[in-house]
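A, B, C and D label the chains in the order they appear, each numbered from 1.
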Amino acid sequence: MGNSFGNLFRISSWGESHGGGIGVVIDGCPPRLPLSLDDIQPDLQRRRPGQSKITTPRDEEDKVEILSGVYEGLTLGTPIAMLVRNKDARPQAYDEMKEKFRPSHADFTYQTKFGHRNHEGGGRSSARETIARVAAGAIAKKILSFDGVLIRAYVERIHDIQSPALTKIPTLDEVESSPTRCPHPKTALKIEQCILDAKKNGDSVGGSILCRVGGIPVGWGAPVFDRLEADLAKAMLGLPATKGFEVGSGFAGTHLMGSEHNDLYESRDGKVRTSSNRSGGVQGGISNGEELYFRTAFKPTATLLQKQKTVDSEGQETELMGRGRHDPCVLPRAVPIVEAMTALVLVDHRMRHAAQCESFNFS
Amino acid sequence: MGNSFGNLFRISSWGESHGGGIGVVIDGCPPRLPLSLDDIQPDLQRRRPGQSKITTPRDEEDKVEILSGVYEGLTLGTPIAMLVRNKDARPQAYDEMKEKFRPSHADFTYQTKFGHRNHEGGGRSSARETIARVAAGAIAKKILSFDGVLIRAYVERIHDIQSPALTKIPTLDEVESSPTRCPHPKTALKIEQCILDAKKNGDSVGGSILCRVGGIPVGWGAPVFDRLEADLAKAMLGLPATKGFEVGSGFAGTHLMGSEHNDLYESRDGKVRTSSNRSGGVQGGISNGEELYFRTAFKPTATLLQKQKTVDSEGQETELMGRGRHDPCVLPRAVPIVEAMTALVLVDHRMRHAAQCESFNFS
Amino acid sequence: MGNSFGNLFRISSWGESHGGGIGVVIDGCPPRLPLSLDDIQPDLQRRRPGQSKITTPRDEEDKVEILSGVYEGLTLGTPIAMLVRNKDARPQAYDEMKEKFRPSHADFTYQTKFGHRNHEGGGRSSARETIARVAAGAIAKKILSFDGVLIRAYVERIHDIQSPALTKIPTLDEVESSPTRCPHPKTALKIEQCILDAKKNGDSVGGSILCRVGGIPVGWGAPVFDRLEADLAKAMLGLPATKGFEVGSGFAGTHLMGSEHNDLYESRDGKVRTSSNRSGGVQGGISNGEELYFRTAFKPTATLLQKQKTVDSEGQETELMGRGRHDPCVLPRAVPIVEAMTALVLVDHRMRHAAQCESFNFS
Amino acid sequence: MGNSFGNLFRISSWGESHGGGIGVVIDGCPPRLPLSLDDIQPDLQRRRPGQSKITTPRDEEDKVEILSGVYEGLTLGTPIAMLVRNKDARPQAYDEMKEKFRPSHADFTYQTKFGHRNHEGGGRSSARETIARVAAGAIAKKILSFDGVLIRAYVERIHDIQSPALTKIPTLDEVESSPTRCPHPKTALKIEQCILDAKKNGDSVGGSILCRVGGIPVGWGAPVFDRLEADLAKAMLGLPATKGFEVGSGFAGTHLMGSEHNDLYESRDGKVRTSSNRSGGVQGGISNGEELYFRTAFKPTATLLQKQKTVDSEGQETELMGRGRHDPCVLPRAVPIVEAMTALVLVDHRMRHAAQCESFNFS
């Protein structure tokens, strides 16, 4: 339970950090979508470990295999199964974790909930699971590209280093120009140094990722519960290490008066538009045709290369020395994951809207 | 689509601001729960309009009727249907809204998505719909009370007026002692004045509500997608006027180093506990036995008693003069709604956990 | 749990035989559908008790009220709630049933499953609940009528009296010309007598209903699990008193050789058609453009005006004398219910097909 | 869409006849279940082709690999992924099918619905997909065995050869003693000859499978829509080649008078029992503690080694000569599939019942 996401475009994720691999099944993908590994592998490369000096040195190729649902280069409309085998697993590196709970990790809660766990590399709670989301999200992105929808996430802040706001949605090249995935070059350099400093001290840092989406037509979202921003919030808080979500003006906007905050309508280029966009592209849970943007908070990585107090599975207090390979900051690698989950939410709502509102003509 | 919430304890909400009424159907409620109107009506009173000088003067009794699912004072295990009739409706007050889109409201998006809307009082997008959630949530709260779970939400900040942190979860009386539902008396007075000032100017204010939950056992939550905090985030961003959500240390926590942020385990009273609680009661998406707490941002009310620029349904620019009855600040009345949605999330996860993890014995 | 049906066009049914009433909420109905009570009440009249001398004399008007989701004669795309109040309830007529389990009824299983039940009129297990389905199904039927889909069910056999096969789908008038809802006049007369004979003896009879659907395009159905016939089978076996379902050639077809059973393709009127239709309009779980037809078996009514052996809630053996008002044969009133469930299945699959297969263009 | 089954114990099936393989993901499996390949492979052997002279000679080992969800011999409570690679694929054998639609197969409907298909071996519509169901069902069976629930299906009739009724549920050995999976030896011999005769003529036969389940406690099933028999009906009609389903007395029972059909209650061994069992173990959609039994009709195999009329993808009439490897009768291999789907339905309802009715104590 809890390992599927979406309604009409529905993914089921499976796999552990150390085991047969990580995989995903997509049910509901439209047929006749041109699809090849080249549509999927690039986002996995952006997510994979070992891609730069600021990420974990665990070296996984993360080569994806499409097992079903695609034939002669086109999707079949039947389930698409994808598999990434685990390669560079070092189960023995986790021996100490078998008995000791890592602070601010899921070891204790998994052990207590299930009464049994695979402790190697965090098992199912490992961020390695997000491979499934990125692979599925890449397909969702491709579908949306035919609608002219563009999703771009990037690192906006690490620790106390905040990028200035960017007027335009940056290009992929701009985001990828730094291993930090912060598209503002000066900020990116400072962020890189901040991460390296944390790494040197066996410590870690967090921050926030901004996701911006252009090209969404008016009408996606299914209030009252499945508002577009509600499903995005669930998608983001369903990612490992996330602590917060805000859409549009977010928490800061609640310091404004209503008269300062409202987005006034105007007529622009023959369309109903808003002159400001504190709503963040959604009103009443439905996209309004403006840019959709939201922010996700990621905590500093819980794994530290330091000695920390903890208890063992017998409840005895002890200490745990962080070892092995880890990211001093998860945000650069989380960027494609945020994009993937966003794409999954959007394509699902696009299909729901088509089914209920666009496929009938009663006149 | 989008009007049901939950999996095992599932509610379906219906109704518009001006029409036959507002109602809810609950499917999955356990049988033999003692239940009467006295369990439900009090929370509706906390939500209802006209309860104090800082809320809208619309005067609705909001008397709930239980139509099914309860017999001789006990739930039957079959669907519980509840109905609140609309009474103090003034459709003519909304005549202007038929043609003009209210800024930062859902008029435009509903009109465009559905091609047809009930403009009276906002129709389905009216916050009046939350009656359904409060009624259902009251039942969820009662169920959880048998598990010793206590849910308490309160206003923590309005505009720039922030309450100091409270060590203990306040009592219901403490929260209800001020019409602001801020349990810190000095802050409450300032907030009351702030809201009255906004009202006087035909303006509005927003802020944040803190929700704190005690007594949750270890093990509730269904990663990887249906993490406890993910479902709470969806529940909160599914409420009208919300712009953000954070659990535990939230956005502020991302400014800390990992070594400052981690919650270390210790043995306390024979239990595995954490010495701090920046995690906010969840780790890896599963409750860890500590206090669950999270914060929700509500924007300033969009309806203003001022003239605002907008466009009409023909796309012509025009002005709209806010009229009628509105809340200059939605937070005091939103407190029971936040509690209701929290209860719905928790009882659902409690049942899921029971089904998968507690009902089997394979030894 | 278990009181909702459908995915995209989803209904939630609630209510008991004796209580506040019976109702239904529809989520996912397309907007802008012209809808009035005249679209719904006629099918409720066909289902209501007291309509002829071969049905129960319980006299319920079953007047439906639309509480939400329709505005100025058009659906809003938001939930449609409908309510039928219970009127002619006689709880005291059921006093004996409080302690004694009626044979082949759900008294014992409800009591044991839930530990508590409303025994009056069978409570939730009463066929009165099907009002919810008929009301919702009437809307589904209307939607489908815009696609040219026509659903017609009728009584084909009662006890041992079997109607000859009808070449064409009969008209509504033909079905309604007899209170038996058997459109073959000579058979209808015999069936009427058979039911009256059973009634006279305080006994009951069963039989089978044939449902035929014309106008379905090729492509509805979602294998591998949600085949069109699988969802229809669930819909039919989800009706009270049903014991069997067969599509196309059904059980009889399994006595044929493959070479006798296969439907050969031919080109007819520029379309791919089959020269026979033992498949019953579905192949591989997907509609093939031929007439869809299936048969549902209804057992003889369990309530008898006779003394029967049973046990009481203490487990003591005793006797129960059937009293009150009942149908000696449920099939005539079940005809609109079968049609309603069929419509619900079809409109759901129509919407799923639109979402996945018709709303994209990747070329 | 349509490739998942179940609510709490939910499987997602994927794969085509000719491609990367067939697989399944199970979400919701309880943790700590002892599980190894030995629990799963035997049922796959019963389903696999090439097991006897009355089945297809396609020679697939169908060795299953568990990719996730099991650790040190116990389930983790996280998703279980299983994979069976395709081996003995002969795509060229299907070249003719690329352009011509096989009669009574899904070629035409898949092609029209999706606009694209993998014609090799029937692609997704191949019965090879049922590997996924059998693998998942084997786990469900094991779970149920701890509750004392025993599921046994067997061939009851092929063409016109009907087995006499068996008083007791046969043992596995009795069912497996004949390649026909008819546990009545004399009938089995006749059936074997019947199938061989059909095979010799390039023809095929159908029949019915009876499934009997002992040990179900009172209370499983979720009316009004998710009745136990409704979910079983969906499970059965969701299998390839099925045309009918009946529970308990089925269609035959509708020829009885109510006074002949009712199951009277009696007190037996301190329990409430019925003296007959025409209900088939369910009343009002809920198990009543008696043996559950139901019957499924399978049509004669559509693939014939004969020349048949059909049309091609251009709509031109043509002929198709059946080639390759096929089963002249699918029922013997369908027996473990029926058991698997039954187990999936039952374990899901067991968990639902535990969640709603057994996990609370309000006194």
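The rule we apply is simple: a contact is a pair of C-beta atoms (placed from the backbone, for glycine too) under 8 Å apart; a residue touches a chain by one contact, two chains touch by 3 or more.
Everything numeric in this text was worked out from a predicted model, so none of it was measured.
Q: Based on the averaged CA atom positions, which chain is farthest from subunit C?
A: A
Q: What angle, rounded to the nearest 5°, describes the rotation that places the Cα atoms of subunit A on subunit B?
A: The superposition gives an angle of 180 degrees.
Q: Need the CA-centroid distance for the pair subunit C / subunit D, whole Å please.
A: A distance of 26 Å separates the two centres.
Q: Go ahead and note the Å separation of the Cα centroids belonging to subunit A and subunit D.
A: Here subunit A and subunit D have centroids separated by 39 Å.
Q: On a C-alpha centroid basis, what's the spacing between subunit A and subunit C, in Å?
A: Distance between chain centres, rounded to whole Å: 45 Å.
Q: If you look at subunit C, which of its residues touch at least two other chains?
A: 1-4, 8, 13, 28, 31-32, 77, 113-115, 124, 352, 355-357, in rising order.
Q: Can you list the residues on subunit B that touch subunit A in the complex?
A: 1-5, 13, 101, 103-106, 108-110, 112-115, 124-125, 129, 157, 159-160, 198, 203-208, 218-219, 221-227, 229-238, 240, 242-251, 253-267, 270-272, 274-275, 278-280, 282-288, 297-304, 306, 308-311, 315-317, 352-353, 355-357
Q: Would you tell me which residues of subunit D are touching subunit A in their complex?
A: Against subunit A, the touching part of subunit D is residues 1-4, 8, 10, 12-16, 19-21, 23, 25, 27-28, 31-32, 65-69, 71, 74-81, 83, 113-118, 123-124.
Q: Name, in rising order, each residue of subunit B that touches subunit D in their complex.
A: Counting only subunit B, the residues touching subunit D are 7-8, 28-34, 77, 143, 146, 350-352, 354-363.
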